[in-house]
Structure formats: C-alpha cells, structure tokens
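The structure under discussion is supplied below as structure tokens; questions concerning it will follow.
A, B and C label the chains in the order they appear, each numbered from 1.
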Amino acid sequence: MQTDMKTPLLPSSDPDPSEPSGPGAPVISIMGSGDFSRSLSTRLVACGFRVVVGSREPRRVARGLFPAGVELLTQREAAERAEKVVFTAVYPEHYHTLVGLRGPLEGKVLVDVSNATGLNRGGQANAERLAELFPQSRVVKGFNTVSAWALQAGAHDGSRQVLICSDCSDSRSTVLQLARRLGFSPVDLGGLCASRDIEEAPLILFPSWGGPILTTFLLFLFFYGYLFLRNILLPYLDEGTNNFYELPLVTVNQTLPAVSLVTLALVYLPGLLAAVFQLGRGTKYKRFPDWLDRWLCRRKELGLMSFLCAVLHAVYSMCLTLRRAAGYNLLNAAYRQVRAGVENSWSEQMVWRSDLYLSCGILGFGVLTLLAITSLPSVGNALNWREFTFVQSGLGYAALTLSIMHALFFGWDFAFFPGAYPYYLPPVYLLALILPCIVLLGRTFLALPCLMFRLTKIRRGWESPRHRPPINQEPPEEDPPLHPGDV
Amino acid sequence: MQTDMKTPLLPSSDPDPSEPSGPGAPVISIMGSGDFSRSLSTRLVACGFRVVVGSREPRRVARGLFPAGVELLTQREAAERAEKVVFTAVYPEHYHTLVGLRGPLEGKVLVDVSNATGLNRGGQANAERLAELFPQSRVVKGFNTVSAWALQAGAHDGSRQVLICSDCSDSRSTVLQLARRLGFSPVDLGGLCASRDIEEAPLILFPSWGGPILTTFLLFLFFYGYLFLRNILLPYLDEGTNNFYELPLVTVNQTLPAVSLVTLALVYLPGLLAAVFQLGRGTKYKRFPDWLDRWLCRRKELGLMSFLCAVLHAVYSMCLTLRRAAGYNLLNAAYRQVRAGVENSWSEQMVWRSDLYLSCGILGFGVLTLLAITSLPSVGNALNWREFTFVQSGLGYAALTLSIMHALFFGWDFAFFPGAYPYYLPPVYLLALILPCIVLLGRTFLALPCLMFRLTKIRRGWESPRHRPPINQEPPEEDPPLHPGDV
Amino acid sequence: MQTDMKTPLLPSSDPDPSEPSGPGAPVISIMGSGDFSRSLSTRLVACGFRVVVGSREPRRVARGLFPAGVELLTQREAAERAEKVVFTAVYPEHYHTLVGLRGPLEGKVLVDVSNATGLNRGGQANAERLAELFPQSRVVKGFNTVSAWALQAGAHDGSRQVLICSDCSDSRSTVLQLARRLGFSPVDLGGLCASRDIEEAPLILFPSWGGPILTTFLLFLFFYGYLFLRNILLPYLDEGTNNFYELPLVTVNQTLPAVSLVTLALVYLPGLLAAVFQLGRGTKYKRFPDWLDRWLCRRKELGLMSFLCAVLHAVYSMCLTLRRAAGYNLLNAAYRQVRAGVENSWSEQMVWRSDLYLSCGILGFGVLTLLAITSLPSVGNALNWREFTFVQSGLGYAALTLSIMHALFFGWDFAFFPGAYPYYLPPVYLLALILPCIVLLGRTFLALPCLMFRLTKIRRGWESPRHRPPINQEPPEEDPPLHPGDV
C-alpha cells in the first residue's frame, strides 16, 4: 500500500490532509458567526476540514476574526454548501429563523451546540425543538460542554469530554468520529432524550460536591451551636460571664477539629459498611444499596472537606498566640504568679500533654496533606493501583489514628472530672470522638484473620454457596480490584 | 475495505505499521549523532519509521546509544537514503560542513532543530541561513522546542507543542503530519520568517510572568520604602528612636499584605475596565486597547503573585510570636503591669478587634488558596466553564472582600486619631485600601440591574443601534463565553 | 481517495468504525467475566471492536454489567469466534481449565493480563506457564498494569502506559497496535522473559522512593539520637536534669531542620560529582558509575523529602509558642525579671539574630515551596527546559543558600563559646552545615570561568583530545541538554 505512493511521506489515508482547504477535504458548515462559531471554525480548519460560516449578514462580520480558509457566506449558501454536517451555533430562541433553510438542510446532520438557559426548567430540550422544526434533518446534540477556549487552544491538556446524543445512530457515529478527529473524547449518550441533560451539564456547579459540602456544613452548625450553648450562652445566662468575644475565633477553632474528625470518619465508614454487606451476603456481585453507592463515590470529596477543616484548624491554632486575648491572659497570669510569689509554675504533666497533642496533630495533619496531594489529578494518575490503595487506605487510617490520638491527648484525663460536664453537657471532643472510634474499632475487627480471609476471597470473585447453583464447579475468574471501589 | 484483508487484525492503513523497520516504512535521516539525534531516532523508530543516522565518523559512535533498527551511516549515505525528510541535528556553526551534501539533499525537506544561542541577537535565524546554504532543499524549522527528554519518554503528559514554520507549504504540511504522528501538537506559524521566534522560544524565561513580577516588585519597593521612611528613618532622625531592628521582618510583614491587597485589586480591575469599555461602546466586537488586552491576559499571574505575598504574610505573621522581640515586649509589659499593680489588663475592644481581623484574614487566605489550587493545570482542566467562572469571579471577589475587611478591622478606628499620621503620613493600610475599595465599589455598581442587563445583552452578542446598519432585523447568534476573557 | 466515497463524512480508513458492532469490525474474545473482563469489553466496544465474552456459565453472568453489543457465550464458543486476539482474564491458578480450548485457540494471540501474587516469589511467570500450556498459541503479556478503572473511564488523563512482551514479534506488534487503538501508550519490553517483571510491576510500591526515604530516615535517626544523647541523656546522667519532655516535640523540631538541610545538599551533590567526572574525563560520552547514575535519578525524590522535613519544621516551629512549656517559661522569666527589678530586658543583638534567622528561614522555605510546586507533573510539564533549569538549579541553590544562612544566623556566634560543646559534642546545626557548605563551595568553584568554560564545551559534545582519534577534524554535533540529566 505504501510502496506505490511515492510523493507523500505519510500514507494518504492519514486523517489530517496536508492542505487544510485542499479540494478533497469535506465541507462543514456553521450557522452563526459568534464566538463559538469562530472557535469551532478555527479548530475545524486546523484539523483539515473546509469550513463555511453562514451569517445573516456575511458582509458585516469582521473577516479577521475567522481563520484563513473559512468562507463567510449567507446562511442559505452555507446550508447548501455543507456536505453532510451543519453546526447550528445560533441562539435557540432564534431557531425558527432557520426554518426557511429546511430545503437545503434536508438529510443533513444538524449539530445543536446550545446550552440550557437554566437548570430544571423542564420543557423541551433545545435539540428536541430543533428536531421538530427540521423533521427531514438528523439532529445531533453535542459540543456544548466544550468551551470556546478549549476549541481554539486545542484540548490536549483540557477537559476533552464531548457528550453526544441523537436518535439517528448513523449521524451520531458521524459526529462521534468528527469529535475524535478534533481531538476530543466523545461519549455516546444514546437517543435525543438525553439532550436535556447534555444541555444542562455546563450549568451544573460541582455536582459531586453538593452532598459533602452540605454534610460538612451541617456538622459545623451542630458543633458550633453546641459550643455556643455550652461555653457562651449558658454561662452568660447562669453566671453573667461574658465570653462572647470567643465567637469569631476561639469557638470556630474548637468546631473545626470536631468537624474534620467526624468527616474523616465518614470517609472510611462506607468502606466498612460495604465490607459488612459483602461478608453478610457472601458475594460481591450484588449491588450495594443506592445510598451506599453514592456515599462510596463521595469519599474523595468528603476527605478533601475534612482536610480543608484541618488546614483551617491548623492556621487558626497557629494564630492563637497572635491574639490580644492571649497576650492579656499571659500578662494577667504573670501578675498573679508574681503576687502569689510562685517562682516556678512548671507543670510536667501539662507540658507532656501539650507537646503530645501538638505532635500527634502535626503528624496527622502531615499525613492528611500527603493524601490531599495524591488527590490532585496529575499526581494520582501517576500512581499504580497498589500505590493508590496504600495511600488512600494505609495513610488514611494512619491519619485517622493520629487525629484520634490528637483528640485523646488534648482531652487528657479531663473527661473524668465533673467540671468537664457543665450543665451535664460533655466536652465537644468527646462527641467528636464517637464515630471515629467506632470506625477504627470496626476496621480492626475486620482485620481479624477469619474475616479478612473470607473478605479477600469474596473480593476475588468467590461466592458463598447459597448464591451458586449446585452445578457450578468451575473456577472463579480474574478480578483485579477497581480503583475507586476499592475499600 | 476490512473484509478482504484477513491477516491483519487492524486495518493496514493504521498509522503504526506493525514492523518498525518493515520494508514499507518511510526512511527518515538525521544528520548528527548527539543527544537530540539519539532521542529523536528513538521516537521515530517507536512510531514505525525507519531511521538512518548520518555521522561524520559512524564507527566512532557508540552503537548502544541508539535503538535497535537505526542504521548508522556516513552523512552522505544518510542524505542519499532519506526518502523525503532529513533532520539536521548539527550545531548551526557547522552547517557549512554539510554543503557537500547539496546533491543528495536536493528536493528533500531539511528540518532545522537548532536553538538560538541568545535572545535578541538579531541577525539571520539558523533556519534562514540553512535555507541560503541549500537553495535546492526545502527548509522547515521545528522540533527545537521539544526537549530530548520529551522525545524519548513520549510526550503524552508533557508539553506537546511543536512550533513549525517554512516557506514551502507542502513541506510544512509534511512536517506537521510527522509531528502529529510522533504524538505532538504541531502549531503552524507560517513562513520561515517566524523561525527566529521559534529558535528563541526555548530561551525565553517565563514570558508571561515578567509584567506581574515587575508590578509586584515595584509595589513592594514603594510600600517598603514608605514604611522605612515613616516608621524608621523619620523617628530616628526626629527623636533618635532606634527601630532598625524592624527592617528584616516586621517591616517586610507590613509591606507584604499591602502588596498582596493591591495586586489582588489589580486582578479584578481590568475586568471592570473591560465591562466599562463594552458598556460605553455598546458592542463586544471592538477590540480592547492593547494594554487592556495584555492586562486581561496576565490576571492569573497577578493573582498568583498576590497569593504568594499572602502566603508569606501568613507565615511571617505566625512567626511573629517566635521572635525574641515579642518575648522581650511581653516581659517588659508584665514588669510594668506588676509595678503599676493592674490586676487585669484585659481590653474587650482590643480582643474583638484582633480576633475579627485574624478571622477575616484566615478566611480570606483560605479562599485565595482555593483559587490558587484551581490554577493548577490539572485541577483547572477538570472544571467546566461555569465552575471556572464561579471560582475565579465568585470566590475571587469573596477573597477581595474578606481581605478588605481584614485590613479594616486591623485599622479599627485608629485612622481617626491624629497619632496615626506622624509627619502627616497616613498608615500604610489606608494607602493599600484605596484601589481595592474602588474595585469593589465598581463591581457593586456594575451589578445594578440596569447595567447588568445591558452588559449581559452585549456579552451575548447584542450591539447598540449605532453599530448596526438599519436593515439589521435578524437575531443575534450563539456566544458561549470564552473561558479566559470572561470577566 | 476521498472523492469517490460519498456517504461517509470521514475517510473509511478511520480507526474508529462508525458502528461499534458493525459487521466489519474485528472480533476480540475475552475469557472470563469478572471486573477486568467487564471493563476491558467496555473499552473495546467503545473503540469499535466486536467483543465476545466467554464464561463458564454464560447464563449466570449478569448481562447488565456488560455494555450493549457484547456477546456472552461459552468459553469454547468465544474461543472459536475470536478472529485473532483472545484475552485470558482468568485467575492463573485456573489456566489449566482452559486446556480443553487448545484447538480453537491454536494460532491465535493469547493476551495474559494477570498480576503476580507476590513480589520476588521466583518461579515461572504466569504468562510463561500459559505459553507452556498452549504451545500452538502465541502468548503476549500485557494490560495488567492498567487498572480496570482506567480501562473503563478512558485513559486520556491517566497513566496510559501498557507494558507488553512476547516471544512472537508479530503478535507483539498486534497487541501494541491494539493498545494504541484503545488509547494507551504501549511499551515494548521484548521477549516473554520480561513477563515476570511486568506481572510484578503493579505490586511494587513507589519504586523510586525507597532510597530517598531510607536516606532521610537514617539521617533522622542519627540526628535524633545525637540530640537525645547530647541534650537529654548525658545531662540527666550527669546532673539529673529532667529534659525528657523535650522528646516528642522540641527534639523532633531540632532534628528536622538538620535532616532537611543535609538532604537538600544531597540533591545537589551528585550534580557536582557528575561535573567533576566530566571535567576529569574530558568527555560526556562515558557513562557515570552506576551509583552516581542512580543518585542522579533520585534527586527529585530527595528534594521532596527535604521539602517535607522543611514543612514539618515550619509547622512545628510555629506551634512552639502554643506549648504549655513556652507559657511556663515566659511566666517564670517575668517573675524573675520583676524580682530582679529589670525594667527593660531588651537585647538588641538577640532581636537581630532571631529576626534574621526567621527571615532567612521563611524565604528559604518559600523558595523550596516553589521548587516543590514545579515538581507536580502538571506544572512541570508546562515549563520549557530553560525554565526547568532555572527553577531546579537557580532556585534550588537559592534555597540552599538561604537555608545555610538560616542555620548560620541561628547559630550566631554561639559556636565560639566553650558552653556550646557540652561533653565535647558540637551543636547539631554545626554538624548539619558541613555537607551543605561543601556543596555550596564546590558549586562556586565550578563557576570559575576557566572550569565553567571547559564544562560547557564538554556538555555541548566537545571531547578532550585523548578521547579522539587524531583524524577527527569534524565539527561536534547538536546536543540540546536532556531535561533530567541537567546539572
């Protein structure tokens, strides 16, 4: 095949024809001459297509905004020139103005690139309306998730995903291919009924973060409220002590570690529950309940929220001695010490306590930071799954253990004095320790050899006999663990 | 097409022939046997080309440094064997030694991969000189921006951009295709006159950082000088007070937040100016003045410089109590308090002030950190444009607001006492607040419904009537916002 | 070529046929129906192949776990249907159960995707055993390094490397192509004897980190032990002073900066040694000794370990004033000052010392942070080699210099008093300064014009006459520096 073609160095079947506007390249039309049209045409030309842009008033469009090789024509001319694919880069509210082009667009693939104007508006998707207006054309939804910027700059390091759907599978394939040719990773979402979702995709704000942020926020509210009640409001009502100055900083800094600790426990709880489910059911081939599935998928976000709280707690703590209040307290203590004539106020026990809880806190925070760094896409991608498991599970439990020790050393033996329970309310670090301790004990329990062995078997594909028809005598099959479903 | 070919699993038109040195693969020659030649030949062989390396003394070249399949021949033999493309991986100062090969190189594509020896040296580019020496060959500039390392390791996660230019469009296409085949993202820069720029590209150090770093540095100089004058030099000359010990740490820590705040304001000012330009002109299709365009393109770098100053300010502040001076001051204050017999020096107002400004500072710093994290390429790429806008604009203004509050709480009501104006010089935080407050007010002003509405219309492509010919009755066209030009 | 084909928009030679299960696509079989099989079939279908999964009991397999278009058949049927390639996604311990399929698998390519069950177990690799069991088939090892997750999600931003080996070069090529077609970066490791390494690859934990972590750990042990001896054990034995409370925090915080400083010196020492080797030998074309090569390859990891210690030192230091011990010391000092009647305990020298060493420390830490950020893959990839060199070499030596100054200012003139040498043991910062100072002096020495000039010549490819045969009159060749080997 390559021997009889002398001139071209590379086989002529190469997807990138040498002359962008060469006579052989397919013609693609774009209706509309806005930003998206400009960026799309730039990319199409760069990838070797001939591009015709159809404008209402081709003469009024600044020619210089389009790359060389793009033809600016009227919309009718552009529709006629298109070989197969026509992009409709026109606002959806003006689709009806294209109706006159039904003839030239007949049988062609119309790619709707519009976004939804709002979330959950219901009603017809733009692409569905376009399909109604052009029953003789084949409408494909797609490319709206790509920013004009990614189109122009090339997507080699950006988000390359292009969601595509259409009722005509031929046309869908054509657009899937086209997307690949332009350097994107197309995802086929099936029929045009998916277009509503595709149109709303660029409007959804951090979809996977909603639950974790809400959880963290509610935990914050609970602990902050509890501390406000226990340390500020009740003492004020009861004894008239004015501790309100603690609200902006001190109380926040007592709330943050509690939230961080509980959230960290929430990262590892679903994994334990999944293991319990698998052990109880004796198989891994039954789906988890939906809530557990969703929870398992949000562990990374929960972990980052826990890290965020830990960072803020660290910074707040390191700023504690900068506070005027800390200065006043020290001066007053010095005054009292001098007045009392105490030469040395050193308390060995308190010194050990403070050094130990600071050490555990710093080390736990350090481990948590390593975890957070590996959740950066570019770092995480460089790990193999064993390294990933080591970091997420091994280091994760190390961070949890160190954090629990941080809280325990902080608490010291104070929890055993009645003075720690004013108004019968336990100190907040005790509340915050409940869930983490349960998780840690649960994990230790699952590490018992008998349970561990059975779990490993199940995870490799073994099924308890009650799930197997009796004839099954054949061996289980290979199951390297899935990255994210890994417990 | 695939039915009549039984043996190969994959269609034979596949760009990667199964046998790297198979008889059908095109032969590419490389003149020179240095590091670059070795790396390039490794990559070419891996991508299915046959490679011939031409050396002055083929027998002296360590064969083991080249991948299997590469032929080491004399330069003349290599020139003759090349089917179409010859890389000249020889130092430019020795191009004249190749002149004897004019015959065998005639009609072939010479790819010049050399770098410039310095910036702004003027004179002829290496590629231009090569073109003069080989008038019968077709010289293409390219591949110099790629490191030998990226060549060898494969560029799948590295900087894949390859800048290419040539006066012969056919040869340019050939090399563009070749670059794509090797896994790079070639960029066509047109005629050979661009080769000077291409040759200098690898020498330019952080091109987009010059302006922002200079701006930050000048701001630093100004504020540092001002503080030196106001707090150290004038008190020394006037009263003989020796505050020089403040120079290495305290003064720097007063300068940094001022620089950070003003730089952060400079990130959001150009967006406001752009909006004002668009509102005033009634169209978005007129280009901004050059200075504004450049400024808009440097916002990310300015933001990171602001973040750098904020980080340093945070670290410096948290080290304040570690200083000997802080210890001495506290001891002396304790001495005075005991001597004066003041049992409790607590000042409720000062406590609130310090806790509030620390809180605002920490939160503003936290938000700024989130912003900085999303400017990491791998994180930013995972955001859709709505998330990007939310982070950059929403969180950005939140950080600016919190920083302004940090400064205002720090200032408290001290600005209203004459003592704050020694030598009639206002405190530095007042100076640093001017620009940020203007930006925040400007942003609030632009959020007025009437202006917002008009601006949104303009950004969607609407144009004020004075820009439109009267016949224009047709609808505006689709304009999804461009990522970076977004305000 | 494109003119006579009207219907398809894109040339039919496109690697992605429009219909995934179209009649023309090649059929690939997968033995086994576990997680890996599911993920692989998803990817194969997405890339346009027809997939047949062979299960022991096809009826028991949950159809919904496989993508549409996959046929679930018996293992025999699947083996027969395969056109050329058969994946064996079955646990290696059950390979013998496939022996009955020798007939239908004859002449086909068997891809072994299994992992090793442990490291350094010796014995036969799984793939070698498979090859023994199927002498008439052609066994290829590969795809085991890819996680099921990367297979399913598409590897566009993940680790795309696929290691492949086989004794049959034809089959190897087929699988190499297939891997590329699926979006991976295949690496050809030659014959089947490499399969043991490939099978163990996913089990190896951070292979490049072992040495640096061990080095850092040993340095930590040494300095911690030295400090324990000098500051705690000997004073206790000698005078009965109880300093044991310093163990968890204070001693750690004295150890960390010493480890960080020495490790940072170890980052730059091998570069100096390499330069000395090159100068001494007069050529860069002789290989360095193995230990130096390995050391040069571990500089990034050493640098990050140094950074980790620096971060911990910074956090520990900023927590110093939070300690109870710090509070007690201050109170006792206040008591003494009041008792002694000293109105002002200010010591100008101590104030300058503490401010200077804090400043140098903060700045050095800041520079080290910039270095660490550029070692993030996504940031480092965006740098050209000149920027990379500037950051790694320029900023690196700046960080080293600032760290040395930090230690020198911290030491002040205390090293010159006999009291600094209790039990004749020098203070730890003196020990920690030895290697960094040697490195810095060595670097300065190499920057002498005469040495610099010769070194630059050698790095550009020049060789000292004793390495050249006398006939060599020809010019040196182009050698752009290699990124990582750069000094």
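Please note the rule applied: a contact is a pair of C-beta atoms (placed from the backbone, for glycine too) under 8 Å apart; a residue touches a chain by one contact, two chains touch by 3 or more.
None of the values given here were measured: they were computed from a predicted structure.
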Expressed as a multiple of 5 degrees between 0 and 180, the CA superposition of chain A onto chain C rotates by 120
Interface residue identity across copies chain A, chain B - same or different by half = different
Averaged over CA atoms, how far is the centre of chain A from the centre of chain B? Could you give it in whole Å?
-> 25
Per-residue multi-chain contacts in chain A, two or more chains = 13, 157, 318, 321, 330, 334, 338, 376-378, 381
Residue set of chain B touching chain A in the complex reads 12-13, 15, 24-26, 83-85, 157, 160, 169-170, 173-174, 176-178, 180-181, 185, 285, 314, 317-318, 320-321, 330, 333-334, 337-338, 342-348, 350-356, 358-359, 362, 365-366, 369, 376-379, 381-387, 390, 460-461, 469, 472, 474-484
So in the complex, which bits of chain C are touching chain A?
-> 1-3, 8-11, 13-14, 16, 18-19, 32-37, 39, 46, 55-57, 60, 62, 89-91, 93-94, 97, 113-115, 144-145, 147-150, 154, 156-159, 201-206, 242, 245, 248-250, 252, 308, 311-312, 315-316, 318-319, 321-325, 327-328, 330-332, 334-335, 338-339, 376-378
